[in-house]
Amino acid sequence: MAHFKPELLEQLIEVRGASGNEENIRDFILDYIEKNKKSWKSEVTIHSGEGFQDAIVLIFGKPKTAVFAHIDTIGFTTAYDFNLIKIGGPKTIDGMKLVGSDSQGEIETELMIIEDDEGHKSLKYVFDREIDRGTDLTFKPNFNLTEQYVQTPYLDNRLGVLNALTIAEDLENGAIVFSTYEEHGGGSVGFLGRFLYDKYNVHQALISDITWVTEGVQHGGGVAISMRDKAVPRKSFLNRIIAIAKENDIQFQLEVESAGGSDGSMLQDTDLPFDWCFIGAPEDNVHSPTEKVFLSDIEAMMELYGVLMKELN
Amino acid sequence: MAHFKPELLEQLIEVRGASGNEENIRDFILDYIEKNKKSWKSEVTIHSGEGFQDAIVLIFGKPKTAVFAHIDTIGFTTAYDFNLIKIGGPKTIDGMKLVGSDSQGEIETELMIIEDDEGHKSLKYVFDREIDRGTDLTFKPNFNLTEQYVQTPYLDNRLGVLNALTIAEDLENGAIVFSTYEEHGGGSVGFLGRFLYDKYNVHQALISDITWVTEGVQHGGGVAISMRDKAVPRKSFLNRIIAIAKENDIQFQLEVESAGGSDGSMLQDTDLPFDWCFIGAPEDNVHSPTEKVFLSDIEAMMELYGVLMKELN
Amino acid sequence: MAHFKPELLEQLIEVRGASGNEENIRDFILDYIEKNKKSWKSEVTIHSGEGFQDAIVLIFGKPKTAVFAHIDTIGFTTAYDFNLIKIGGPKTIDGMKLVGSDSQGEIETELMIIEDDEGHKSLKYVFDREIDRGTDLTFKPNFNLTEQYVQTPYLDNRLGVLNALTIAEDLENGAIVFSTYEEHGGGSVGFLGRFLYDKYNVHQALISDITWVTEGVQHGGGVAISMRDKAVPRKSFLNRIIAIAKENDIQFQLEVESAGGSDGSMLQDTDLPFDWCFIGAPEDNVHSPTEKVFLSDIEAMMELYGVLMKELN
């Protein structure tokens, strides 16, 4: 049985990859797969490169269901006059540390929130020179592991990626998709879904991503199965997943939210008949540098994915 | 000539089917088709099941044009602590009756609107126990028929479905699509359109749905042909439809709105070159339990669809 | 080397074509191509008509990259009681001149902005009779050319169309797409991209459109290469384009914005792995009848497209 690998998680978090700029994290994952696939239970076929942008698809055996884990992160783009523009929806906290690199080298800077007389806020970076226009800045890694939880930027979605890489070890039949652009309007799930559907007739998806601690979903309560967010997954697929979780005595929590989206809602917007379900551990301090997830919820997440990928494939 | 069937309409309204949960209404329609198709003028090919989610496609002869009628309804999802989350955009009226079922059985409950000190409203259900998380609740059926009009929940879009089932009786060439998810962000029109386009080269669509009584579109004025809502259909297709309506002396009204969407706007968002036009009777009290449509407008709607499906196929 | 043709620009601006109603401008462009293609360097294959709505695709040699130029414009639809509804996002200025035609003939009218007691604005047209419902009105052409700049309605995007027609003269390999519906929610880029991808394996796009003069992008500063707007193009494709612009000593400016969209963001929303980049001259008085672009920026735009279509094909 596969387990949580904090070292690999820390490495994944070190690699930068804001939406639209996933080349490095793509290469890291491809390299990891090359080095580790010989120890995996089944043979894997790897699809990447031309026609896949910076995304990756792994195929094991005869797949019926795909795990989608997005490899991009939130961040900021540098604009004119020390301004910053958001990539996705990062929280902004005065003084938060950001890193990146441009034509002049490595950058470590801080975010500054400036409010004018009418209360309009603008985001600036504090640096002794102007950074090249269009440079990506991301949260500075800061990895904290205790016996109970892990706290660091980008658990969303390095943890979803870790989950996908972990279930790859034992997978006999199934697909794993490392998608891009999830945090910023989407853009890869369409062609990835199309590839899976046309080539393998796959039209079931599990969204390996991180959700929110809320009134109804709490730390230590197990992996969250989302019954809906802004989008509504198909009830019959949801019921099958919940039944499998129950039969296998996995600790889970049912989530019901009115807002939020994921690769699941993007799949629903495609011209493809995909059933999908978001399944992930809940985190606190969402989209901030101090995202926090309980280890027991990560274990439950991995356990549920292991079982589902057996029974749905 | 096919006519309005109030009994079938009442039966369609009795069957629950909030967006994402269209299995029962799908089965009802499939069952109706099985029982009635032998009396139809032409042979029908039925596509449903795997690859169609809970949608249905009917093919008659050599189709060039498809009628889209969505089979889902608006409603609510039960969340934590007696809260309700909207499915689509239902009107909310204190005390309105909602029905559903969960693991403990049938439910009849009432909506309560709670306003806090700052004016924020939350929606709750009034019940002697918590309903299972993620349970769908829909308006309690309440069917009223007079000589002039019909008034009941879910004329939108059981009436559009009835229209589609009615024109099926005489159809020689054409497609009929029973789509899902229309009320909540869409999700089936893409793959349904793709199926029609790839397999039958169909790329014209008539949206069989219900619109609003407004300043420019009134009860008893005939079926509304929408020249635009939020989306703008292609003018040349629109002009053809209006010309056919005129030539055939059908009572119609031209609608021009700035807001609203339908399976038509969803089709426009696909990767398919579909021309589409929304054509439907106007209703009052939209998205409430007292939706009201005049019978003469229903007859005009059926008449126009009958003529259009002849001339556009 | 191809150069700016003000006469052709003026002709393009005379032809009406609000989103959804691009038949006339489509016919004008097809006619222009027929008359001029024999003087072009390479042979062209023209795709239009059934399955293309009012869009056009030109194929030269073996294309790897497509230029997208939208042929629709912003405007207004006439509604009930002298009201106007926007098509796309036109600026509204009291007294601005609008033109169109309906069943009773040619129309020249003026926009009137009416504000009620609560500050709600409505848009009306001033005319001695009601115009047919659903009639399109567009800005009255008013072409002004100086030695430094051109100022007229609809530089966005008749200038992008002119650019595309101009680079066609020397193009050996590449695709040119005249798209529709860009100003109003999109709708043709999906099937056009699908056609290019399926039939020619094209998955790179340059968006030939007009952008905004801002703090960071100015008149006379050269063609703008957009590093992002609301959408974020793929960094690796962007970097290639910037490198080519530098190597060829073309005057360009880097744009970084938080808002705005184009055929590029529409392509990103498709189920296709398209890389795209928005490249266009900047204009002042965006979406008004007095759009203004500097001639040197138009020349830089044409020069950059010429170079890019060589090196990316």
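In this document, chain identifiers A, B and C correspond to the written order of the chains, with residue numbering beginning at 1 in each.
To be clear about the criterion, a residue touches a chain if its C-beta (ideal position, glycine included) is under 8 Å from a C-beta of that chain, and two chains touch if they have at least 3 such contacts.
Since the model is a prediction, treat every value here as computed from it, not as a measurement.
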To the nearest 5 degrees, please report the angle of the rotation taking chain A's Cα atoms onto chain B. 120
Interface composition of copies chain A and chain C: same or different, split at half: different
In whole angstrom, how far does the Cα centroid of chain A sit from the Cα centroid of chain C? 36
Residues of chain A whose C-beta touches two or more other chains: 269-272
Show me the residue ranges of chain B that touch chain A in the complex, using the header's touch definition. 19-21, 23, 51-54, 77-81, 85-87, 133-134, 136, 181, 184-188, 190-191, 193-194, 269-272
Going by the contact rule at the top, pick out the chain B residues touching chain C in the complex. 203, 214-216, 227-228, 230-236, 238, 254, 256-258, 265, 268-273, 275
